[in-house]
Amino acid sequence: MPISAHNAQAIIDHAETKAREMGLAAIIAILDEGGHLKAFHRMDGAVLGSIDIAMRKARTAVLFQCNSEDVWDYLKPGAPAPHLELSNGGLAPYAGGIALKCPNGGLAGSLGVSGGTIEQDTKIAKAGLAAFEATLR
Amino acid sequence: MPISAHNAQAIIDHAETKAREMGLAAIIAILDEGGHLKAFHRMDGAVLGSIDIAMRKARTAVLFQCNSEDVWDYLKPGAPAPHLELSNGGLAPYAGGIALKCPNGGLAGSLGVSGGTIEQDTKIAKAGLAAFEATLR
Amino acid sequence: MPISAHNAQAIIDHAETKAREMGLAAIIAILDEGGHLKAFHRMDGAVLGSIDIAMRKARTAVLFQCNSEDVWDYLKPGAPAPHLELSNGGLAPYAGGIALKCPNGGLAGSLGVSGGTIEQDTKIAKAGLAAFEATLR
Amino acid sequence: MPISAHNAQAIIDHAETKAREMGLAAIIAILDEGGHLKAFHRMDGAVLGSIDIAMRKARTAVLFQCNSEDVWDYLKPGAPAPHLELSNGGLAPYAGGIALKCPNGGLAGSLGVSGGTIEQDTKIAKAGLAAFEATLR
């Protein structure tokens, strides 16, 4: 089941609400299961550099069906795939990208958040994930 | 005055409503005055090829501060700038991209629509423009 | 003799003066004999799309040591090299780019102008060329 | 308030004067608040490799609204965003790029300098910044 526009809007709404509560201007990018852009929202005041970062986190997550930071384990110093980060046009092996799975385990898409610190982006992304999961119930 | 998230959401909402009335699945891309992505919405069922087209129309409009189809006059057979379409990473000299201007004439950004015929995309884009102008009142 | 910063500044000054006389906001790009950027000036009010066009005209001129529009003869319908415009990252086979030659015939660099009509850009570019030639005397 | 051609020329003039005092051939790139090239000056004798570096420093600064070297804190070994440098077409997380702010705190653009050591580039960039700030008074 690919991600729907309805799912995407719920993710954006909740992630934005969370960012606003935290006093942040965030960018939320949502990709479908093929890595193609489904929805995108840039809050007023977010820096331009975060556009690419939000998309890159989401792309990293959907390409490997994991959280973006999980890719770090494959490419960190001493890990088995040094410079894996150069594949696929450049990965973002840090938190803020989350793969979205259907109840049956299939891939639905991903979301990526940028605008604050990595910890802040992660909280906003998790709010988006929770909103996605709520749409599935 | 750059385009705000509030402006962008109004554009997407009205353009989507128009597309739905017409029985179409459209993609709406909104750029700021520097050509950077502000918001993006892909209705369920839109073909993947339209993602790039919607963005390209919007980019063409913001780069030249006009409707995307106006660029055709510069590069059509016999016109003074043949192959101008190869500039700026590839232009979209056909309708569906509209520059968004502030009441004072300054550039606020642009929108681009793809998903139907050029005529259908134009109608949807104009609904988005009307929504933008309504937010300025 | 490659183009100097002194030459480049003279070109920009005179081209800008000409553009101002004509009531235009132009962009002037100057490349060295290897096609690398030497100087660049964007007058206030020029559209963003003209940045790439000015550079592309200058690049076309220096790559083929001619005026940018001269390339048209090789690729126009019926000419011997159809789609030559796709070479070199995309050529600009229309006027506004001029190769700069030393008195001994050697290549010094090129200039490209964009911002007005092709005729207007050509006038501004020629003012730049005259300024370059004056620095050689 | 986006950067004006007048601001840009003042930056280039003062940065060049500083570089000349230091016996260096520098490159100065100036971007507007959307990261688009506003002005560029390459002093005679600067190496070609510095063209891209000057632009990349300026781009890094404008994208994140900071000094280019500030980005290092996010991606250095042990920092939370390893390989952030791969985002946005490749960042320059070292000194010589400075975001230019208006008196009201808004972003006006950025400048980037390359040609000497990082310390030398920084001194030249700061001379450019001082000239920008002087134009605002």
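Each chain gets a letter, A, B, C and D, in the order it is written, and its residues are counted from 1.
As a working rule, a residue touches a chain if its C-beta (ideal position, glycine included) is under 8 Å from a C-beta of that chain, and two chains touch if they have at least 3 such contacts.
Computed from a prediction, not measured in an experiment: that's the story for all the values here.
> Could you see whether C-D or B-D has the larger number of C-beta contact pairs?
C-D
> Once you find the CA centre of subunit A and the CA centre of subunit C, what distance in Å lies between them?
Once rounded, the distance between the two centres reads 44 Å.
> In whole angstrom, how far does the Cα centroid of subunit C sit from the Cα centroid of subunit D?
26
> How big is the gap, in whole Å, between where the Cα atoms of subunit B centre and where those of subunit D centre?
About 32 Å, centre to centre.
> At least two other chains touched by the same residue of subunit B: list those residues.
34-36
> Taking the top-of-page definition of touch, could you list the pairs of chains it picks out?
A-B, A-D, B-C, B-D, C-D
> Along subunit A, where are the residues that touch subunit B in the complex?
4-6, 8, 34, 36-44, 48, 51
> Over in the complex, which subunit D residues touch subunit B? Could you list them?
32-36
> Along subunit D, where are the residues that touch subunit A in the complex?
Residues in contact with subunit A: 34-35, 60, 62-65, 80-84, 86-89, 91.
> Can you check the complex and tell me which residues of subunit A touch subunit D?
Contacts found on subunit A: 47-49, 52-53, 56, 72, 76, 85-86, 90-95, 117-119.
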